[in-house]
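Below, chain A partners chain B and then partners chain C, in two separate complexes.
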Partner chain A sequence: MALLEVKNLDVRFAVRGGDLKALRKISFSLDKGERLGLVGESGAGKSVAAFSILNLIARPGYIAGGEILFEGKNLAAMSDRELRKIRGNRIAMIFQDPMMTLNPVLTIGNQMVEALKAHRRISTRAARQIALDRLKQVQIPSPDKRLDQYPHELSGGMRQRVIIAIALLLDPEIIIADEPTTALDVTIQAEIMALLLELCEQRNVALMLITHDLGVVSQVTQNMLVMYAGRIIEQGPTKEIINDAQHPYTQGLINALPQMGEPGRRLYQIPGAMPSLNRIPSGCPFHPRCQFATDLCKQEMPEYVTSGNVDVACHEVRKLIEEEQQQREMTS
Partner chain B sequence: MTTATANASRWSRFRESFLWYSFKRDKVAIVSFVVFVLIAAAAFLAPLLAPHDPYDLATINIMNSELPPVWMDGSDPSFPLGTDAQGRDLLSTILYGTRVSLLIGFGAVILQAALGILFGLLAGYLGGRVDSILMRIADVQLSFSTLMVAIIVGAVFKASFGNLMFGEIAIYLLILIIGVAEWPQIARTVRASVLAEKKKEYVDAAKVMGYRTNRIMFRHILPNTLSPIFVIGTVQIANAIISEAALSFLGLGMPETQPSLGSLIKSGFDYIQSGSWWITLIPGLVLVVLVLVINLLGDWLRDVMNPRLYKG
Partner chain C sequence: MNAPAKPLVEIRDLEKRFDLSGNFLEQLRFRNGRFTRHQEYVHAINGVNLEVQKGEALCVVGESGCGKSTVARTVMGLLSPSGGEIHYDGQRIDDLDGKTVLPYRRKMQMIFQNPYASLNPRMTIQQTLEEPIRFHHPDWNRQTVQDKVYDVMQSVGIDPDWGKRFGHEFSGGQRQRIAIARALAVDPEFIVADEPISALDVSIQAQVLNLMMDAQEDRGLTYLFITHDLSVVEHFGTRVAVMYLGTVCELADTKTLFDSPRHPYTQALLSAIPRLEDDRPNHIRLHGEVSTPVNLPSGCVFHGRCPYANERCRTEVPNLIATDGGAQVACHAVEEGRL
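So, the complex of A and B:
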């Protein structure tokens, strides 16, 4: 059994004039120690997916259907009290901006002790000891001094280390990292990513990495999901997708990556922009931006087809696969 | 040992803080602070400092009534600021009266702050129906003037308890009336800053950590909204002292046996035409100086703590 299994998750936002579908029939699973990447442009629903896993979508958002099974128990149907035992304790989350995630008026030590005390019966002294240990593990210089410092006294990279230390504080099974390195500069990004990866491997923690950086995803994760307008459009092993992307959107994302060694070449752009939730196109939501779009794409939402180990939702890919099969049958 | 070092580091932290830095540079703030501390200290040490006990009826001699201050003819050196119409030493009465005024000012603001913080936090953080209900109550409350409510409540109590009994509970009653009448000011300020704070990521992070709503409200959001509360609280102390003085002047506040600055001013007002100006003027001066320094301190705090959030 997978550690986390999301089945047909539907998340909607109730606004005037009807519901907006933020997530549409999302299904994926995460095993113990697995590293899963979640990519897509801004507005694809990545962060909504992360928050809904913890059943923490703010009103007017709500979970309209589907299941989130953590160790077989459905988080979508759990009481607040039971959920609190899981949040932070079994599933931790790391946010994008380390400047904003720490409470500015509490010392690092106080924030860590509080997190421990919220979930365990533990003395302040013992909690401080654990906090100190974790700060050592995230390789912060002079950790004992940091405990009594306030967030504004630390640099961005150090703060993100503190946040990772807080995420690891209660030995969670899953860490959801929502663009953990976007707000940091490039050299620090690499350090923080390497640290996060190392700690997750050491402790056999499953990592769900939300990012729009395909470079990071290809280095860190084993499997990946590509999201577009609230839907997963391609999912499978990271290597296969990066090397041979099937969906035109994924291909576009990969082509849009800046390449080293080709000075002067124009960067590729996917034409158009992510549709807003109240104007999602009919049929395949990507069709207005897709160079292969046909009439079928405008009318009908594509089902998933399997190519190798990868699931893709695209009519054109289905056609190609069917043609290939026919050819194979003809030759045999 | 550890607490000693913790205290030392807290003190050194304070010495390095922006608050201390800007205080040192602001002459008005320093002078106001010193004057305020002097007045407050004199008021609270009144039983030690005052040459007479104005509450002790046995020491009062009606023959000493309306004596002028020492620098005028016909004064008595044992009454440095003269006496009032009942023959009480004015200096002692002012010291005791300032104590009463300050007690009511601080008491009312503590009550206001308790109510305002609680309702402001609930309204701002929970939002929705709780917010609408609490804020409508606040609107209704604000649409009555403080003085009007106080006059009605005070008159009702005075009528039903009689003058003697009223005198005993007057100080608590005034704290209650002024505190309850003014809580929406603080509630609105708190609500506004809670609305701004709750959108910040540290609140999401706290939710993700599995903290209870109470904990998030009081331990995570409240400390981040304290600066506007301090600023408005300071100004409200001055306001409460003025409200109390106004009520006492109207005869609905402190009784003359236990005078506050307001009731002293009132008691002298009847004699101002007969030449005994000092009974009204000197307590009035003390009241003006007290309110002025508190307001100046409030202004300074506002400039230092949040230049944008709170505008008088």
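So, the complex of A and C:
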């Protein structure tokens, strides 16, 4: 059984004039120690997906349907009290902006001790010892000094290291990292990503990495999901998707990267922009931007087809696969 | 380098300091029974020399706090330099007064990072685009101005019928197109673009980059392109200047820099780009804390994080020196042949 299994998750935002469908029938699973990437542009719903796993969706958002099974128990149906035992303890989160996550008026040490005491019966001294230990593991120079410092005394990269140390405090099974390096410089980003990867491997922690950076995903994760307008449009092993993307949107995203183009030449570009939630097109949400779109794409939402180890939601890919099969049958 | 007779823009020994210490009273400190005066500066740029040749795209890369945006703003005259000179087409422009600098302002335009902040929310797109034209061509009649706006909107792929709309009605990519249209409206020769695509989504970044390259081809523009994203530089830049803590540490042709980076910082920076292919050797991990431009380190600004630093690096500031590969590198280790 998978450690975490999300089945047909629907998340909506109740606003004037009806519900906005932020997530539409999302399904995926995460095994122990697996590293999964969630890719998409802003507005694709990747952060909503991450937040809804721990039921952190604030009003007017709500989970309208589906199940989030963690070790067989449905997180979507749990009370706040039960959830609190899981949040931070079994499933930890790392957010984009470390300055927003750390409390500016508490020292690093106090915040770490507080988190430990919330979940375990432990003396302050023992808690401080664990905190110190974790700070050492994230390779912070002079960790004993950092315990008594305030967040504003640390640089951005250091703060994100502290956040990782806090996420690891209670030995969680899953870490959900929402754009953990977006606010950082490239060299610092590389350091932090390498550290996160190392720690997850060492402790066999599953990592769910939410990012818009395909480069990071291709280096860190084993499997990935591509999201567009609240739907997963392609999912499977990262290598297969990066090397041979099936969905036209994924292909476009990869080809639009400057490193894929010839220097000095025009880049491949996907026309248009991601639709906003109140104007999601009928049928396949990508059809207005897709060069292969047919009448069928405008009317009908595509179901998933399997190509190799990759699941794709695209009518054209299905057609291609069916044609191939027919040909094979003809020859045999 | 392959220097033609005269560069379009020349930056000489540019320095910029920002005073952090406030007014005279705020500078006073009382310590050990006596008053002392305490002053503190951010040393944003420390002696930068750059030449931008006509028709090229010179990219300035570096991490946050390295002074790249300050260079852009100082060149545009939005900040006045603390030292050094800026020349445009052979004429010194940093000491001109408001009136004499006007013709240069028309020739030099700027595109900013955040299209959500750089468009006035209370002006329609038509007004936004008309303003610079009216300002620089007060003698043009209404029809000419409107025709110009129509043309420039079309050239950036914005429907001219949308002129009555306000900035908030557009998506990020469209706003950046409008910001580019505003820069192009007065037919500039030289455009400073300060991180023009870093606030945009991947698929939109490609659209805006293409637009900027098209504009360069059609109008013969010269760019000073500020960015932290090296993969964009590789695609877009003619030459690259890598900055660290207010100094240029390497300056080279794009191809030379990406094929054989010389400066240890450039090497680390290049190895840190997350690329799609994963069979690459591991990136170079830097250690040590990033210094701040308030307390500049002595000697080479990079020595605290440099794996090759020795005694000389800690005391003596390296100068940009031409290497046989065609690159200019400011590093003692490269100069001595240790690297």
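By definition in this document, the second predicted complex is superposed on the first by the 329 of 332 C-alpha atoms of A that agree within 3 Å, B and C clash if a C-alpha of one lies under 4 Å from a C-alpha of the other, contacts with A are read in each partner's own complex, and residues count from 1 in each chain.
Throughout what follows, a residue touches a chain if its C-beta (ideal position, glycine included) is under 8 Å from a C-beta of that chain, and two chains touch if they have at least 3 such contacts.
The shown structure was predicted, so the numbers you read here are calculated from the model rather than taken from an experiment.
J.: Report for A:H212: first if it touches chain B alone, second if chain C alone, otherwise both or neither.
T.: second
J.: Would you check which partner chain A:L56 touches, where first means chain B only, second means chain C only, and both and neither mean what they say?
T.: A:L56 sits against chain B, while chain C stays out of touch.
J.: Please indicate which partner A:L83 is in contact with in the superposed arrangement: first for chain B, second for chain C, both, or neither.
T.: A:L83: touches chain B, not chain C.
J.: In the superposed arrangement, which partner chain does A:L102 touch: chain B (first), chain C (second), both, or neither?
T.: In the superposition, A:L102 touches chain B alone.
J.: Based on the superposed arrangement, let me know which partner A:P263 touches: chain B (first), chain C (second), both, or neither?
T.: second
J.: Between chain B and chain C, pick out the one touching the greater number of residues of chain A.
T.: C
J.: For A:G17, using the defined touch cut-off, is the partner it touches chain B, chain C, both, or neither? Pick first, second, both or neither.
T.: neither
J.: Quick check on the superposed pair: does A:A118 touch chain B, chain C, both, or neither? Answer first, second, both or neither.
T.: The answer is first: A:A118 touches chain B but not chain C.
J.: Once the structures are superposed on A, label A:G72 by its partner contacts, choosing first (chain B), second (chain C), both or neither.
T.: In the superposition, A:G72 touches no partner, neither chain B nor chain C.
J.: Enumerate the contact residues on chain A facing chain B in the complex.
T.: Answer in residue numbers: 54, 56, 59, 83-89, 92-93, 95-97, 100-106, 114-115, 118-119, 148, 163, 166.
J.: Within their complex, state which residues of chain B touch chain A.
T.: Interface residues on the chain B side: 9, 128, 200-202, 204-212, 215, 219-220, 223-224.
J.: Using the touch definition from the top, list the residues of chain A that touch chain C in their complex.
T.: 41-42, 141, 155, 157, 185-191, 193-194, 212-216, 218-219, 239, 242, 252-254, 256-261, 263-264, 266-271, 273-274
J.: For the complex, which residues does chain C have touching chain A?
T.: Against chain A, chain C makes touches at 63-64, 171-174, 201-207, 209-210, 213-214, 228-232, 234-236, 254-255, 268-269, 271-278, 282-283, 285-286, 289-290.
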